[in-house]
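Naming follows writing order (A, B, C and D), and every chain is counted from residue 1.
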Amino acid sequence: MSKLIEVSYFAIFREKAGRDSEAFKTKSETVLDLFKEIKKVHGFDEPQGHCKVAMNNDLVQWDAKIEDGDKVLFFPPVSGG
Amino acid sequence: MSKLIEVSYFAIFREKAGRDSEAFKTKSETVLDLFKEIKKVHGFDEPQGHCKVAMNNDLVQWDAKIEDGDKVLFFPPVSGG
Amino acid sequence: MKITDKEIKIAQASNGLRNKRSGAYVSFEGWIRDHNEGQNVRRLEYEVYEPIAIKEGENIIDEAKKKFDIHHASCIHRSGLLDIGECAVWVGVSSSHRKDAFEACKFIIDEVKCRLPIWKKEYYENGDSGWVNCETCASN
Amino acid sequence: MKITDKEIKIAQASNGLRNKRSGAYVSFEGWIRDHNEGQNVRRLEYEVYEPIAIKEGENIIDEAKKKFDIHHASCIHRSGLLDIGECAVWVGVSSSHRKDAFEACKFIIDEVKCRLPIWKKEYYENGDSGWVNCETCASN
């Protein structure tokens, strides 16, 4: 079943994707599968182990399930401080 | 040979000795021997391993030799900070 | 945990941690350096995703309070453009005894740098700019 | 290394450690607590033998600079009468990377407390007073 996910990008992901966010149609079940799809589309090559993902404004694990209408945020490797 | 040493006391040593400093006549060879003499006179009972001694304004080891006219400073256990 | 696009008022922030039973206070400040990995840095920009940066910062402070015997802990991180020498991040911890304050302060800044959704972009003297790799990634 | 009988101006002191190549700054402050070993403390007096306190403090800072990769380090200790909540001692260290600043700051305050001829006398709420045992002695 196809879902519509609102995906947001930050920092280098935003620059590579050329946009802050987009509505993304997917059959992926988890945020990890969705991330793999999106990496190909936008050419992200940052190691996934150093990236983070949030859903509906909470950090989640990569095996978190996505549902139609979810807001998913992809964070490239952080560099605060 | 008897030497005259100018001895100074600090903090609890000063309070126990009832004075800042005094001229002390001694036959002691080292600051440690002098300290042992003075402990008896003034009733110092602080563990010597935690006390310090300076001669002519430099910290010295307990085996430092004393000469007539030296200025010796006895420091009880410190508690700065 | 606070995010601000204005100068961090450190004296004011550290005053908030004072209390009569605390004997020790340890603070960390991260300053903008004029160089990084051989390049001359002119200025720097922090992008912060605030909702999660604040939530995760509060989590880190709560964890520090559980792990260490401390009284108060606080962290402020800058967002936006910064010049060389400015303070980008401040962490302050107060405690009865100094060992816990040192350890908690180090724990908080280590975790903040790893876990908060904050990204640093450097602008170099030669006109280039670039997103900085995280410390952990750089060491891989 | 400085000894002062006036309030320690921390912002001013830490400014002296800033430079464009330092990325990290760690500081320690020792505050006067309102209690010690079960007694309520009203105020406190530090006796300092300055000539050796300053010399030995400089030695400690030199040792820290040899042991750790740091840029600047400084220490200020109060003498005379202090009230609850006042800062009795400040240590500041700047470096390129934070690990060395943390370690050097901890090293300096640990050594300062052990090695400088400084003695603390507490005045209690019940009217008593007493010289405080050093930390090392107390643990024996």
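The working rule: a residue touches a chain if its C-beta (ideal position, glycine included) is under 8 Å from a C-beta of that chain, and two chains touch if they have at least 3 such contacts.
A quick note: this is a predicted structure, and the numbers were derived from the prediction, not measured.
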Chain C reached from chain B - shortest hop count over touching chains: 2
Most widely separated chain from chain C, with each centre as the mean of CA atoms: B
CA centroid of chain A to CA centroid of chain C, Å: 26
Gap in Å, rounded to a whole number, between the CA centres of chain D and chain A: 49
Inter-chain centre distance, chain A versus chain B - centres from mean C-alpha coordinates, in Å: 73
Multi-partner residues of chain D (each touching 2 or more other chains): 30, 109
Residues of chain A touching at least two other chains: none
Touch relationships between chains, expressed as pairs: A-C, B-D, C-D
Partner chain A, residues of chain C touching it in the complex: 30, 46-49, 51-53, 55-56, 77, 88-89, 109, 112-121, 131-137, 140
Chain B - residues contacting chain D, complex: 10-12, 15, 46-47, 50, 52, 54, 57-59, 73, 75-81
Of all residues in chain C, those that touch chain D in their complex: 10-11, 14, 18, 20-35, 84-85, 94, 96, 98, 101-102, 105-106, 109
